[in-house]
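Each of the two complexes below includes subunit A, the first together with subunit B, the second together with subunit C.
What follows is the complex of A and B.
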């Protein structure tokens, strides 16, 4: 009886998890491969004919290959903002951890504000218009950097405390300049937390809906999350294509999750427990 | 002659390292936040702002649907935060115990956290369809007449909150699992020798010792709940009527309607709400921490 018990509770939990957490994903998958009329019944039944390729091609072709453009834009925004974020927040985390200056208190408050406060949207739009950055990809990148800086810095700061100071000082005695010490000595040692940071931030920025909705309107600037939103309001009758689009948006995080499961878990809990 | 301290003269950590981040953060986050206090007192069309005093705030607190958005924000935040804390802790206890397929279950519970909120919102909107949706079809098969999850004005906000729980509970579980892993097993062994029941162990050992994780989960999910916009927008657009509007969706609606001053006033109210809730809460948590 004693050693059966884990299997029994596990079995019940598994069944429960299957229904509650897996079923919605199964639903997405089967809706995505149905024909238009079958999908509009919204029922949880296997499709009569599997139209995976037809629907996939149709969803990419829809509205002048909008989805392809959206993937391009989203990837560009994600890669650019994460690269800038990594460098800038590692620099800030390094100074906050290593040096005691009055500016640390300021940085600390700014960090806390960034984690807590919602951005002031309309004044930001006004500012972006004045700077000529409204509805531009690089404007969006700068916004993503500003909004995600706090969390990213937090990750670096706690990790840098584990790197011995002797290393910086040895490099300094050898005559290295500060920026050389940082880029040649410190940054390579931060690789584990950098991987975590890249993965966590990429998912957050790729999945972001609200900020592109506000700061990046316009057909030519569409991002992946916005295609879903456009589809929802314009093609309510084509549920098969809508769900194919959802499926395509769900796949990138799934792939990242399969490969970087450990880093994601580390990043989410490290940032969270400190925050 | 006094030698200058070599470390302060040539530190390996120059202060200019703060600068690039500070400029971007200052220009794109802090500056708009600061100017929002001024714009919230104006009638504004992005080019000219006319000072009208507290008129926007007066309007916000006198229109019934705007007041309702404020109440809804509080209900939504407290409900999602409470549910995530309770369910997250229970799931974490289950998933740190000795059960079959533990790793797989952790993965399954956590995965929705990483998926697009809009995608999840649309999927559940379809599943919650009053007549054709699979939830009500399944309930119908059991002989229960399912409610109009998103079409009934008194239910819509709660339905969205449940989907928020579904999507967010994985993160709470993950934080609690990390918290539970930090509790030494010695306590449980000692308690078992003294004859404590499972429930007593949970009540007297787990609950007090997992406190730091609890604080994190409560704070994070409250902030998230107060700010939440995308799931509500994907599922109900604040409807039916204004029954599931929250402050964040009002900010968007007023922006779309061209009432930029009123929208910004909503933003200032949201700041105030978050500060008024989170600041005392974290002070209280910290004081209890020190007292212990």
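What follows is the complex of A and C.
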């Protein structure tokens, strides 16, 4: 009896996980290939007709191929802001961890304010307008960098604290300038946490809905999450196309996650235990 | 010629003064060991020579130049760290040649110097490996290689052997001593292990509480310790030291006698005591005596000493080997 128990409990756990994680995804899949009238019932039945290609093409063609523009915009915003984030937060994290000055406390408070205080939308828009950055892609990039900098910096700082200071000092004696110590000794050692950071941040930024909604209005500025609005209106909703759109929007982050799954966990736990 | 001169070096962290005015001259080619208990300031002193800590006051001269405020890389020093501090993402060759590549030396010159250092340290077959694929002793040798290619005026070692196991430590001790003989370079070596100090040093600097207690050759310190602290620190097992009424009767403030300078007898002698415990090391034996008159006494006798715990023994000092300290 005893040797069966692990399998039973394991089976139950798997079943539970499947209900929580896979059922919603199945629902999206099934709705995405239904016809408009069938999808509007939102039932969990198999479609009578499989309309995968028709729906796919309809979604792409909607509003003059808006989805393609959205993919371009989202990718641009994601790549630009993640690149800036990685460089900037690795540098800030390094200095905050290594250099002991009275300013550390100030920087520390600023960091935690960035984490805890919710950004105020209306003043931010006002500021962006004054700076001429409202409704621009680079303005959006700066917003994403600002919002995610705190978390990213904390991640780097805790990882850098596991790199022995002796390495900095050895490089200093070898004749390295501070920037050489960072780029030639420290940065190469940050690879695990950088992969984690890239994956976590790019998924979050690519999937961001609210911030582009507030700060990036305008038809030519559309991002992928905002295309979901195309198929939803007050009186009619094309659920089949909406779900097909969801499917298409979900795929890129999913691919990233599948490929980097292992590194993410490695980077997340790095620094947690001294190794 | 003097290679290193420290003049009235002080170091304070806030109100806490950890180095209290040190003067020291090191001659060219000397092997100097800083030794002392943990917290005595020996590592801080070394780090100040290296330029990793700034002296609060005083001057440091290396090779005749005042380098008190110079960058570490401009001082003509190289340092070997306790943790080795090898760059984990670089191969052995890149680790050794890192300083040269930072100085933008030609590739051929770097390769030649790395090769020469690797041959000196028998690392040639390991040049393509990463540090994590090396054993402790090999890592230590790479760290020394990194110091050699800098061709420094002064080598600094910060407890380089304390992460190694006992047998490897003995071997590396020998290798470093031989390296010193071959390179004829000035070396400063920090350790808390008096065995390392005794076996390797030309000159030992005993530090205590941020100041120099005594400077001298190993045997000088062994024969004529200036203070009870040096007497207790140099030599193993440590010297028996007695203060108070016992010392007063001898006409001094502290009376000391080394374990190896005591004769034991079953019949007669100066002090009578009971043998509490005996450690037999083979060649010799360490005896722990309870002497009512003095307290605990450690005696070193030959390995075949016939006494057993519980025996009543007489101990007497060898003439002329006693130490009487006025402080």
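Going forward, the second predicted complex is superposed on the first by the 256 of 275 C-alpha atoms of A that agree within 3 Å, B and C clash if a C-alpha of one lies under 4 Å from a C-alpha of the other, contacts with A are read in each partner's own complex, and residues count from 1 in each chain.
The rule we apply is simple: a contact is a pair of C-beta atoms (placed from the backbone, for glycine too) under 8 Å apart; a residue touches a chain by one contact, two chains touch by 3 or more.
Source: prediction; values computed, not measured.
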item	value
First (subunit B), second (subunit C), both or neither touched by A:175	second
Which superposed partner A:207 touches (first subunit B, second subunit C, both, neither)	first
Partner chain(s) touched by A:218 [first = subunit B, second = subunit C, both, neither]	neither
First, second, both or neither for A:119, with subunit B first and subunit C second	first
Contacts of A:142 with subunit B and subunit C, given as first, second, both or neither	first
Residue contacts on subunit A - larger count, subunit B or subunit C	B
First, second, both or neither for A:164, with subunit B first and subunit C second	second
First, second, both or neither for A:88, with subunit B first and subunit C second	first
Subunit A residues contacted in one complex by subunit B, in the other by subunit C	169, 171-172
Residue numbers on subunit B that touch subunit A, as the complex places them	10-15, 17-18, 20-22, 24-25, 27-33, 35-36, 39, 44, 46, 94, 97-102, 104-105, 107-120, 122-124, 126-127, 129, 132-134, 137, 166, 171, 174-175, 178-179, 212-213, 216-217, 219-220, 223, 227, 229-230, 234, 248, 251-252, 255, 260, 263-264, 267-268, 270-271, 274-275, 278
Touching residues on subunit A, where the partner in the complex is subunit B	6-7, 9-11, 13-14, 17-18, 20-22, 24, 27-28, 31, 41-44, 88-89, 91-92, 94-95, 98-99, 101, 103, 107, 110, 113-127, 129, 142-143, 145-147, 149, 153, 168-169, 171-172, 178-179, 181-182, 203, 207, 209-210, 213-214, 224-225, 228-229, 232, 239, 242-243, 246, 249-250, 253-254, 256-257, 261, 264-265, 268-269, 272-273, 275
Sites on subunit A touched by subunit C in the complex	164, 166-167, 169-176, 180, 184-185, 188-189
Footprint of subunit A on subunit C - complex, ascending	50-52, 71-73, 77-79, 81-83, 85-89, 98-99, 102-103, 146, 150
